[in-house]
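Per-chain numbering from 1; labels A, B, C and D assigned in written order.
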Amino acid sequence: MKFAVVSFPGSNCDEDLYYAITDDLHEDATIVPHTTTDLTEFDVILIPGGFSYGDYLRGGAIAKFAPVMAAVKAFAQAGKPVLGICNGFQILTEAGLLPGTLQHNRQMRFICEPEPLLVENSQTMFTAAFQDQQQITLPIAHGEGNYYCDDATLAKLRDRHQIAFTYQHNPNGSVSDIAGITNEAGNVLGMMPHPERAVEAIQGGTDGLLVFKSLLQAHLRTV
Amino acid sequence: MFLAQVHVTYKPSILDPQAVAIKNAMHRLDFDQVTAVRQGKYFEITVDAPTSDDAEKQIEAICDQLLANPNMETYRYEVKELANQ
Amino acid sequence: MQELKTEPTPAEIRAQKPYEAWGLSQREYDYISQKLIGRLPNYTETGLFAVMWSEHCSYKDSKPILRKFWNDGSRVIQGPGEGAGVLDIGDDQAVVFKAESHNHPSFVEPFEGAATGVGGIIRDIFSMGAKPIASLDSLRFGELDKPKNRYLLTECVAGIAAYGNCIGIPTVGGEIGFDAVYDGNPLVNVMCVGLMDQADLKRGRATGTGNSIIYVGAKTGRDGIHGATFASNEFSDEKAADRSAVQVGDPFMEKLLTDACLEIIHDHSEILMGIQDMGAAGLVSSSAEMASKAKSGVTMNLDLVPQREPGMSAYEIMLSESQERMLLCVKKGEEQTVLDIFARYDLDAVVVGHVTDERQYRLYQHGKLVTDVPVTSLVDDVVERKQPSKKPARLENVQSAQTPIVQQPAETLKALLAQPTIASKRAVFKQYDSQVQANTAVTPGSDAAVVRVRHTKKALAMTTDCNARYIYLDPYVGGQIAVSEAARNIVASGGIPIGITDCLNFGSPNDPESYWELDQSVQGIAQACERFDTPVISGNVSMYNETDGHSIYPTPMIGMVGLIEDVAQITTQSFKTAGDAVYLVGTTGDDFAGSELQKLRGQITPIGQLNFNLDAEAANQRLVQQAIRQGLLQSAHDLSEGGLGVALAEALFEYQLGFEGKTALTNSQLFSETQSRFIVSVQPKDQAEFEALAGKQAVLLGRTTDQDVVQLVTADGQLTASSSELKATFGGALGCLMK
Amino acid sequence: MFLAQVHVTYKPSILDPQAVAIKNAMHRLDFDQVTAVRQGKYFEITVDAPTSDDAEKQIEAICDQLLANPNMETYRYEVKELANQ
């Protein structure tokens, strides 16, 4: 199975994702630059964390114009899986692939801590290896992770089971404790916590590996 | 040459954590008469456009595409001609 | 030689002596004009000499002392003298590290000052060819009851976080101490650690006549140029209020710079002759040092230097401390390869000059030769000064410290845990991304941070330490203790100490007592380093840390790195499960000189005599190392500020355990700061083996429990407290004080 | 009730990496005619002060103490009276 990790200028979790896939999931991964225009050879696109273009202006605001984004959009429209983590989540909301937006954390400070989460929907291609309402722990590391959407959007997210992960102790002020959401079709997931930092015991936990295993299982089912 | 002054602010319905933090800091400094704070971004953009209309069009497009996030922000701008140097 | 009209002529300079305000003495000026260049230097040249001959660049005052450091050892690949030191860690890999201070800029503008401090030390690491893998920050502030100190702390931490988090280097450790002596003079020291293949090692050399000098990175602005020249508004009609010497950091650009430089080092090593960052004294120090080390000369055309502002003089271009810039020496004819790579990263890169074989330093601007002096006169001919040195009066006839009476050890323990110097620093380090790069095995909060080396069994342990209250009491012994404490932290984490870097934060070298303190502590550090086989491979000196004639405590920060040969040996300070036996390694005396208890009891300025024995220290470290290697320890924690009481409490918090035990120590000895001690926990099945190994070096203190109670019967009383209450005190104190 | 509109901007000599990045983004979006971008903060502060003079004094103090960093930034503001509601 072939994973593409899209690297923007200023991405800093691209290698971490690459190693999570190659060393721990034992699948094929390629780091592709933001100038790539064709992603059709891949099965999954991963958009990593970091500070694309310095996150100057707003997280993800400049990255959404990178040449690669047209290919990402086409990939998503074809129903293939796109996972945005942290800055990747911000980029996906800025690009309109996911609803809502990520504001400054309520306390206006960066937070780096392991965070207990609940799996709200284990029926997606990113979460099938979890149980519904399973309690897991993943590290967060962000200054702008406070998810916001208006009430109508929130109602839709709920109705269509688009909320994938919630925080057990809301660390940043997110609406409805949201830590991760999918698009309506379910093939685009954005999440603030970092699954790629929890794939080996030495990192403090392995709950994150199940996100990637879910993708692998979903893929095996389709081939 | 035209100079655009652009203000990007949060929509009134949005709770802006930064503005809240600033207002709290003012109260801690005993500026108790401050009743509300809104906060935004301010840009001065110099455009080498042929006409004022053209400059406005460009600024409008830049705001829509880049400077403001329509989920939570609105913008306003003024364009004025710069004296030739 | 032609002069720019607006600048004073050489004769005017001699008459008006602007160089004195720039720190160049009359003797030095005369020596340079008469002996080194044989004529009067022009304005630009005078500025270059002033900055190159400053203590900051030349170490003219501290060099005679720094020579006393010990830099040998079988692992040393590169000692002091380059961007950073390099040590062999096996598998053809090397670890690279260095620390640097940014004290004064952080006082003036804490956010940007601290942020650019982080940026500066990172460039030293990747310029050697290493990927930066971790940073640590060692901070000192005045007490937090003053709003100004809270502001400095908050902003410095935010600046460190902003830079480190954005660039994607985990901030994995550090230390923070508080004392009124740092009012008006906070310390911000940052250490960066890098990892490399030995084959990639690069040095700052301008070698090979005809080869090109390439400037890359941010444009040069009027940032950070010596304040004196700023005040004299002669080259600009802008209002002084519109000018600022503050440097703003751009971590995004530095990320691109790091990645691009490392790509060139990896893929085009053969055409890259040398590389160095532009740090203090920017373009002049990097280019002159690269030429000096290569025994070559350079010629540069300043019109080609990317500039942010119009009308910059040669003086300003050369002395600017704009951030995020590097200087490369690239083989003639191969420049385009390098320029293309930088272009791909959207970075400005320009050939600004070339290497010559005459050992002259020549600068052209607007078609005129504006500087023409021997390279050696800028770098190598600086006259070292051995300053007068005198033992401070306070250190004559020192009385011994009194043993405080402790009637309620639980109350004392709580009060100590709430001291900001002791309390949990989580409120600070949770703002740092400590896990990016996904290699952090021990995050902040344990004795040393541990970062594993991917695709090997190895890991690196790292720590920064210095108890300045001890240095104040006895700089020699205090220096030994600083190194020993760092080593203890490494050992407790499962590592073998392999080397140190330092930041020597002192008062004025012109004050004989300060100079004596510097000399003594360097000797103490040197002796301990030799004992632990931890060579000094890099470091930094920061002097003149004083306000209104009051100097800080001498604070020689030690940054140490240890090698963990097998990740299975990584050990943390926390007790793991109920029922484990807890031992105290090392003997305990009545050591209250400079202790936190002494301070808590109102003795703000430390008094008393230190008591320390390097042999005992080494023996106890060996024991813990051996026990970890044999797999006998569940946890190991070194004892430092606040002594046994504080260390025992800290070990309980992570897994919310209790403790029950009995000791022959007195109530007050629970808080004695006798050196060379650890507490370790051992599973019942391993107790016999551990006791056989330890002999008299360790005594059983008691057992961990799953109750919310800490109970320790002492020779003259009993400590009883709720462990969750202690945890709340410890965890909440700093956050409250920062509000 | 008075409303103060405050603009805080960097002094001209200060490097503003954010503005540089934003300008580069505009160029990548083919807004090539943009020749300069400056960026700053904008605040709207409502003060319940008795007189306009008093409001100005408070705003000035707030700018000095909180909103602007005198090492690197300058500010300007306008105060206007709000219609009673």
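As a convention for this text, a contact is a pair of C-beta atoms (placed from the backbone, for glycine too) under 8 Å apart; a residue touches a chain by one contact, two chains touch by 3 or more.
Not measured: the values here are computed from a predicted model.
The interface holding more C-beta pairs in contact, when A-C is weighed against A-D, is A-C. Measuring from the averaged C-alpha position of chain C to that of chain D gives a distance of 37 Å. Look at where the CA atoms of chain B average out and do the same for chain D: the two points lie 9 Å apart.
Residue positions of chain B touching 2 or more other chains: 65-67. Touching two or more other chains at once are residues 53-54, 56-57, 62, 65 of chain A. Counting partners per residue, chain C has 250, 252-253, 346 as the residues that reach two or more other chains. Taken as a graph of touching chains, this assembly has some other topology, since it is neither a line, a ring, a star nor fully connected.
The residues of chain B lying in touch with chain A in their complex are 13-14, 16-18, 21, 65-67, 69, 71-72. Chain D contributes residues 17-18, 21-22, 25, 28-29 to its touches with chain A in the complex. Across the interface of their complex, chain C is touched by residues 9-10, 12-13, 15-16, 19-20, 23, 49-51, 53-56, 109-113, 139, 141, 143, 194, 196-197, 199, 202-204 of chain A.
On the side of chain D, the complex with chain B involves touching residues 1, 7, 9, 22, 25-26, 29, 31, 33-49, 58, 61-62, 65-67. Interface residues of chain A facing chain B in the complex, by the touch rule stated above, are 57-58, 61-62, 65, 93-94, 100-101, 103-108, 146, 148-150, 173.
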